[in-house]
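Presented sequentially are two complexes of chain A, the first with chain B as partner and the second with chain C.
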Partner chain A sequence: MSSSKFRQASNALLFLGPASLFLIGLLLVPIIVDLVVSFTDMNQTIKVDEFTTKQFRKLVKPSEEAWFGFELRSSFYRALMLSAIYVFFTLTIFNIGFALVLALTTTALPGRLGGLFRAIWLLPRMSPSVVYALLWLWVVDPTDRGLLNQILSITGLGPINPKLDAPIMVIVCANGFIGASMGMLILTSAIRSIPEHLFHAARADGAGGLSVIRHIVLPALRWPLSYITVFQFLALLVSFEYIFLIMGPARSTMTMSMLSYTKTLAPDTGSGQYAYGAAITLILIVIGMAVALLLWRLTNMKQLLTQPRIEVQ
Partner chain B sequence: MARVELRNLSKVWDSSVAVNGIDLSIADREFVAILGPSGCGKSTTLFMLAGVYMPTGGEIRFDDAVVNDVEARDRNVGIVFQSYALYPNMSVLQNIMFPLRFQKVDNPEAKARDMADLVQVGELLDRRPSQLSGGQQQRVALARALVKRPNLLLLDEPLSNLDATLRLTMRSEIRRITRELGVTTVLVTHDQLEATTMADRVICMRAGQIEQVGSAEDLYLRPETLFVASFIGSPPINLIAGEGRNGRVEAGDQRIETGQDGQLTIGIRPEMITVAETGLPGTIRVVEAMGREILYAAETNFGLIRFLEATSQPRWRDGDQVALAFQPEQTLLFGAEGKRIADHYAKLGVTTDA
Partner chain C sequence: MTLTSKFTTLGAAALVATTGLVAPAFAEDVTIDLWSRADRSGPLRPGNIVAAAEQLNRAFEAAGSDTRVVVNLIETNAKGFDADALNLLKAHSVGETPDIIVAAHEWIGSFVEAGLAANLEGHIAANEAMYADIIPNLWNSVMYKGERYGIPQDSEVRMFFVNNDILRSAGKDEAFIAALPGKVEAGEFTMYDWCDLAAEAVESGAAKYGWVHRPNVGPDFQMAMASFGIDIYNEDEAKLQITKSGLENYYDWLGYCVNNGSLPADMTTWTWDSTHAAFRGGESMGKFHGIWNVGKQLDAFGLDGKEAYFDKLTWIHAPAGEKGGQPKNLSHPIVYVVGDTENKELAALLVAMASQHVPNTAHAVGTNHTPINYGQIAMPEFQEKGWALIAGTPMLKYAEFMPNHAKIGQYNAITYTGVQAVETGEMTPAEATEMVIEELEIELGDDVIILD
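Now for the complex of A and B:
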């Protein structure tokens, strides 16, 4: 090997090395371990006695009529549906919809005030998860002490128990309020990067507020929105901490990620079924990859990553 | 299509005064240019006319109706921004058609195509703004501003991003188009040549105020203030500052008759100075070829004095002795406040025994 080639190779190693190690160590290895463990019978004793597909048989059972010859077992089916509902509503209502509304309104407000509102929305991000979860526990507390019930009592309506009556709504709101802040930040900076003269031009051309949003702002947000959709979808799919902290291992909010967590690592909930949890996680990984690729295709994300998309003149 | 009148118009930002009480009337179909150095409030004035900025004081009238509180979209003005501000996600045709979306017009596409032909971008209708050259973008911006037949066309340094040749063609192009459409036009620029060649009237601004309004000739030959005299003209006017005593300003054995006493500034344009048999003695210090003219600077008792000669080869070289002469009627005399003292001129006198 000539010395310049050697230098090239060593440079490549030097620059790519840390990132590669990071990728392999933190992403690839866990996936492989998960894959292997999911086909074993590992439990509390962390011993592998045999390689088996029985973990997957807990999730699906052979069936003549169903697709691919398999039918989902009801607890797994339920988790899948809960995950879908939870991810879909958090994503559309909060992480995208609410983030967009926040970004639009706070950028429309005069300087300081807009910044103040955005800072308020960032507060939950800055506080520890447990504190944030405790706050929600207080909000949805079924007794008279709960914030929601205090407000309701003013209007003369009886106390409610959201954790029992609308559990999905509770976890969607709790995750959404904190999740919206990321989209808000990205969209705000995207709106800020629109040259101010475009707004002036649109106004002078006769556009009203809604037309400006439709013709000037939204086109500029296309790429940030696709990015947020893919990113937040993946984040929500595997998120469980607020669900666990607020709802505990309740059946009503046992999404896929919750199922996987409670079966393996969660304290006092019949945990330690590592192989079972690994199998659920493996399915989550496959769903995540499939949907991410699909969204990637739909939103043409490749273009987003290969060339800058914010056009400034 | 519209008469425009500004009365004591002001715009105060949080920390600074951008426009400080200006009065101006613009006749129907007139083409005026607002000329002034960077930061003097030209764009701010234009944006107030457009309705993009709200004035903090004074009045704007279109055809005698006060429009201060009328929103931009109801003023029917067309505006071309310095950065063109084309909509990046729309094609050229969509850009030009955009203003028509908000008006009830028959066949907007045909109108947009006609306008595109007028500004000669008819071949580019399917392109995106990012695929256009600066000159093409500028024409598209012009078409977009004109397509709704505005009462008033506002141009904010529309030619500043173009190369010299294109700028020249676009100047006459814009003039042709605005004449053809008969639209009242306000052009903002800090290029004096652009202002003086394109506009019927030039408004010279300084620090938020109007310094002088007049034809190009007025500003050049009869500037009212020292600022206008030094801002207009290239190469810049020679300014000799001195103390007038007994009606003359003296320096060494040289004197200039002024007929005025006190703090004075004498202005003489470089192109008005000639080398003569007798005159103010000077030593050539700078020789600079400027195309078909040569710019010299000679050191005299009154400081460095620039003058122009229309020759292709330099007649003088560094160190040569020359005598400079000028016609009194072509000089300008300014008093202590920088105001021109009308009907007074400076005349060269060459004696020591005063």
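Now for the complex of A and C:
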């Protein structure tokens, strides 16, 4: 091998090596392990006695009316639906909707004030998960110790119990208040990168605030919004820590990721069924991949990643 | 060499040494790995083993032997005994099997199936005098397929606590309060009467909540299920068991309690803190829990001694499901399990020493657990500080144990989802029963027998 070729190879190894190791070790290997484990009978002792599809058979039950002779088992169907509702509402209301509102309003404010509000919205992200969850537990406590009920009692309204009456709303809000900050940061920097003269030109042409947002800001946010949608969708699909910390293993918020966690590692929930949990996780991975590819196509992300035809500056 | 003969040899060696003959000396440290969850509620569970090793070392020293037993304490930080047992099973499957384990008894089935637990029948027979006083019923808790794989370390009794002051405020007289335990025992006061009484306390304004139960999966529910005739374990087949009609009756009862206002509908979403606070803060008439609460109850209500305690609180078994039935309660012993390792004979001997009256009483009295030996009750320390435990020991007459079956954790978790569904109003008792039976059939398969 010539020295230049050797250098090329060693450079490639040097630059791509760490990232490749990271990708293989932390992303690819776990998926392969999950795939293998889901087709075994691994439970409490982590020993594998046989390769089997019985974990997947636990998710369905025979039915004469169904297409393939079986239908989804009620608890699994329920987990799928709860995941869909949870991900959809957290994503649209908070991670995209609210993040956009925050980015638009804080960039419209004078520099320092906008920065202050953004910093406040970043606080939940910076606090440890357990502390954040404890605060939520205090907020939604059904007794008169709860913050929400204290506020309601001042306004003369009776106490409410969100954990019982609106459990999905609790986990959507708890995850959304944290999740909105990431979108807010990305969208803020995207708004900041819009050339200043476009705003002046629009104003000179007589555009109002809403017109500026519609014709100048939003078109510039297309790619960041697509990216946030795909990324946050995947993150929400597998998230369970706040659900578990706030709701515990409640049936009302037993999403797919919670189901997998409670069957495998969660304390005091009949856990230790590693292969069963792996099968549920494998289905989550497949759903994640399918939806990510679909969103990729729908938002035309490919165009974002192609090389620009002209050199910019 | 069998366990028995090894102990005979050990005993003979000690005898030879103490009678002045010189035993062959060899400098050797024998390390005993002791697996125990870091648990403030029982520091002497591992502590008594360490003390036993020290005692044994003094015997070796006196015998002129250089052998010393070193206890290597593996203190784990799992959140509960279930999580701890799962960690232990993982450690075992990678070859790190400890010699002694402190565990919740219902895991014994899993431990035996995994080849982790040593059969102790030979050891117990060979050391009969060391175990002769153990309360016989407790041996059931360490039995798996008819043989013993553990030594009970402590026991407890779970019951319904009643706040007498709330009953008084609700207009009940002393005669009613005094007669309550007797009525429960006779099967005259049923689970439904319990909910009616609790609802009466709430309606009269004497209590904010009628009664509270644990807010998560756990053994307590088993005694209520037993009251409705569910025999959770089929010993002949070593399988878990459920009765469909019994399960529906049990869920019917929970639904009834929520509907009559005696049980909070969101009980399953409470935290432990708010559950304890509701009873200890005098807001709830009843609580469904265990004897180790006594210490905290004394502090919370500002009581000193037996008389003040029983003036404030009454204990009853879980009442019968229907009139004339038998009340139930539950004991959930923590046990020592000996790992099937090369040191198992020595490890078992340390366990035997730690299970004697004096060390076990230090643990039991210090942590409000009932004794494992009958004779402990007569000890001055028990008489003086353990009055609550002495009062609780007769209740063990109706005690059930959790089955030592590998899938009991799953079984409890699934039946608990029915509790959640009924109490929160998501399902009717019939729907919940159907859902739970389906889950049990699918997840436990052949391990559960479903009866009508």
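One rule holds for everything that comes next: the second predicted complex is superposed on the first by the 297 of 313 C-alpha atoms of A that agree within 3 Å, B and C clash if a C-alpha of one lies under 4 Å from a C-alpha of the other, contacts with A are read in each partner's own complex, and residues count from 1 in each chain.
In the analysis below, a residue touches a chain if its C-beta (ideal position, glycine included) is under 8 Å from a C-beta of that chain, and two chains touch if they have at least 3 such contacts.
Everything quoted here is computed from the prediction, not taken from an experiment.
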Simultaneous placement of chain C and chain B on chain A, clash or fit: fit
Residue contacts with chain A in the superposition, chain B compared against chain C: C
Which of chain B and chain C A:49 touches, first, second, both or neither: neither
Which superposed partner A:273 touches (first chain B, second chain C, both, neither): second
A:144 touches, of chain B and chain C: first, second, both or neither? neither
First (chain B), second (chain C), both or neither touched by A:58: second
First, second, both or neither for A:200, with chain B first and chain C second: first
Contacts of A:249 with chain B and chain C, given as first, second, both or neither: second
Touched partner set for A:208, first chain B, second chain C, both or neither: first
Cα-centre angle that chain B and chain C span when viewed from chain A, reported as a multiple of 10 degrees: 150
Which of chain B and chain C A:220 touches, first, second, both or neither: first
Chain B and chain C, minimum CA distance [Å, superposed model]: 51
Chain A residues touching chain B - in the complex, by the definition given at the top: 195, 197-198, 200-208, 211, 215-216, 219-220, 311, 313
Residues of chain B touching chain A in the complex: 47, 50-52, 71-73, 75, 77-79, 81-90, 98-99, 101-103, 129-130, 137, 144, 148
Chain A to chain C touching residues, read off their complex: 44-47, 58, 61, 73-75, 137, 141-143, 161, 163-164, 167, 247-252, 262, 267-273, 276
Residues on chain C engaged by chain A in the complex (per definition of touch): 78-80, 82-83, 86, 89-90, 92-93, 110, 113-114, 215-218, 265-266, 268-269, 271, 274, 406, 409-414, 417, 420-421, 424, 426, 435, 438-439, 442-443
